[in-house]
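As written, the chain order gives the labels A, B, C and D, with residue 1 at the start of each chain.
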């Protein structure tokens, strides 16, 4: 079956706190959008909310919708039908696609959210000019999506690109996944906050960040660190640089394997811009194997912000499930 | 252009010490073969040797050859034309494809040797039943090749699957590539030999291995360790198990990213069979992120031995260069 | 002033849950003993309990007591007078010695509990035949005490021998002390339990240990693991061996610095005996720097059990404070 | 036997390239000195050279010399008599003390060179005001010496304070001692040079350092890096800071064990002064366990330069061997 290149599709981003939907043109224009709270702990309520939101946008579109793509934070099976496991939602082996198709009488595909975001940036965003892209989303954890030769890499079981669980330190920090030393324990927004709090208790340089937190180490959060860093505070700058160093090192490992043309950095922490991207580039340039004997990937900031997943899912709805 | 599914092709494996060629049918049968020493330090002599060997087999084939595939240990560019860098051969930015095509008047493609071997195992060997495969070759170093959804993953610059240079220990052992902590410093045949020699100087248990080496620690080599392990020597078994542990841990990281259906273990050290595969499986099963909530790749021994690269290259010759 | 080598002294071990006191002869015989619950959260109540217990034993002794030694889990100052910081008791900069001396009209010295235990093993236990000893106590955490040339090493500020906080893994597991990678996160009883629980969720071999815990991973505790290991269960044996490997590696680092003649292993986990000591010895023998060119410390099990601290404190009471 | 507190003694520092001797007063004044090349590969020639130099100074002193102390880079036995192993000299189980005493008819003691240097700094240098001192010498490798409560810590076998072989990275860089991950592979002058050379091949910032080396990465040496750093070159400053970070981290581990009042930084690399000391202090302050609840050691630059070992050995000659 061929890609559906005309008409509008609907993209949906289902997160732990919000569901966002959009009506999207073939070239990635958002014609209409809506969002509501995510009833995260109630599996069938999420499906209902999605169905309601789709109906809403379908009315806006005058009824003509070519397909629906759902991006969800979790493991999605190879057939893009079933959510196998979604740690922050109530889904365990949930046949979301069948549920939605029977309600909506529309063709539906499900995709992991970081994969969808990678596809969004590849089609309409920071990687629109290349065929091989690695997206790294730096938020609470580290997510990833991979496009190889113009195709989304889904993996043999549909669970590829879980890059946050690359082991970067043997016997390292305990991860929520049960392993020790996963990359996201060093390079995520949560890691940034944790290590900043720890060091703020002992560093004389932390005064400015502590002041932003009203003197309470436990109230230091990511935006405070980013803002302090943007304002030139050396302690905060140093924290962000260290984060960038871990990210650049991990990206060097991934690039040895995947050899992308472009690495796109997205997720909330990427709002820090060059403050984060410079140390990433520096560590990547210093650590990529074979540097000097090979072309090297360009590292760019994501351009679609938090719409990447929705736009990517809308576009993936144009590619029929096998 | 379409895959050329009839006629014979020639596959060539160019190593640092030998050049091996074979005349191969569309379903991977080797009709004829030849090999000679590799004049590794003389760039144009290698090309000449290859051309001679091809002519030899072409005569055998009665002149009808549909294409030539060359597998070489090095970085090959995206167009499968130029060897950018081959550490053990004399090639730097060498337009091998053009050189050979002008001599042979046959279509030629060049491929990285581990990629070609992965393709061989995928088409005719241990992974012939799946679409998504990761090959790990454990020899002097660690090489890799990746097949995703039935396509060879080449990377945006043609230099993908350099899995031996995943950083597995920050600030770890120095690698020949200039980095510290690369996987192949822990999980390769060379690593096995080095660490066995080191421990043999202090372990009382090393007697049996030392005896095989005539009492000289520096004469301990890979086959000695494998044979001692196969004979049940506890010191050697322990060395091989430790190697397997490093391999399994690295494969768990790679599987988090690539999500293969099957991982094929090849290269000289894989001759140790289950002695090596069991600890690999054990570590992989203990360390793969999300275990218990996802299907897991099967880990198999390679089945084509040292012919994988040649057979893979012969088959890749059927896929026209872009 | 000289050591008081006649008469009876009283040794006291103040823990988070219990206070144990003993009346001790110059050659380490326990003439009488008593214990009660520790009112751990109430600073002055602990002092009162200690005073009561001392009076009780003083009566038993017929009033003749040459001095009192108190062993407490915490930082004790150089003058053996003040508990600077005791994480599990209610003491912060508490002048325990002055408080007790004014109540008891006896000379009192305070000592860190692991130091006191080291002194006990040195005077009356597993290290009575040597001048240079390192005690490692493996319990909830890792504690240590050091005797050098017949003297207890107290450190310039009185806070020496905090060996559990040697950093053994850069960027490693988070420790209660705020650092990452402390030895006790890898080599303590708590570490044993944590890692056994983690692996029990994925290992097929864990069945026997799980059964002891009634099928509930969270109920696995130290004694279960030790007992299963003692019964030959391969999974449990493996866990204890891994623990021993970490301990032996840390001891090799400490021995490079301190060069003890004997290393004594105490604490609750040391009850596992050779099951734990063998892997400690093995790792130590493999990792001590200069092995082959130097004499190596002997590694022995502690012989005083949980009385080491009390006996050591009683003997330290014979050495007048400066 | 008591310390000999009057008269002149002779201190000798035997290195791999030079032998330096000095005639020293009880308060550490150098009355006369001499030096010559070290016949390092000829065991008895070294002894002869030492004897000649001693005779020379004895004549200068008018024949009255109270004792001789020899500092040598190697393992010295507990009795301060025999050099067990000296990697850079020709000595293996060499009874240096007996040899020299029979030639000179003077009492002689032998001491490890870093121990002697620690004693020198403790008696006459940067630690003359304290009782508990840790000396770290940062040169080709990392050496150490420890003074506890006014006594030199020699260890149960005489081989204490080999601090350079603390394991700071499990599975880390290979050390000359046969282990992986020793501190001196990260924090020594050699480590500084190696990592600077490695990074100079890939960093655009390395231009200034490379220029000093005439464009040849392999010619970069320690003084070049120090001078570039002193001149404010960011690449060189960064290299020295990274070195300081490793040193501070290792000192934090050692201080958890030894609890010195003062840490003295000596050896050739310490000439960099605050450029090196500041990052050491920063890492130490950030990583010492219990910080905030305890007094912390002061970190100072050594004050005796390369005379520390000779002066220390001369003073140790006043303390009779047991």
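For the reader, a short list of remarks on this structure follows.
Keep in mind that, in the parts below, contacts are C-beta pairs under 8 Å (C-beta built on N, C-alpha and C of every residue); 3 or more make two chains touch, one makes a residue touch a chain.
No experiment lies behind these values; they were computed from the predicted model shown.
Put simply, the chain farthest from subunit A by mean CA position is D.
When the contact pairs of C-D are matched by residue number across A-B, B-C or A-D, over half of them reappear in A-B.
Per the C-alpha superposition, subunit A sits rotated 180 degrees relative to subunit B, a value rounded to a multiple of 5.
Averaged C-alpha coordinates put the centre of subunit A at 33 Å from the centre of subunit B.
Distance between chain centres (mean CA atoms), subunit A to subunit D: 52 Å.
Centroids built from CA atoms put subunit D at 48 Å from subunit B.
The set of subunit A residues that touch two or more partner chains comprises 169-171, 178, 201-202, 291.
Partner subunit A is touched in their complex by these residues of subunit D: 170-171, 199, 201-203, 285-286, 291-292. By the touch criterion stated above, subunit A contacts subunit C in their complex at residues 169-174, 178, 180, 186, 198, 201-202. Subunit A contributes residues 75, 84-85, 130-132, 144, 146, 148-149, 151, 153-163, 165-170, 175, 177-179, 182, 249, 252-254, 256-262, 287, 289-291, 293-295, 297 to its touches with subunit B in the complex.
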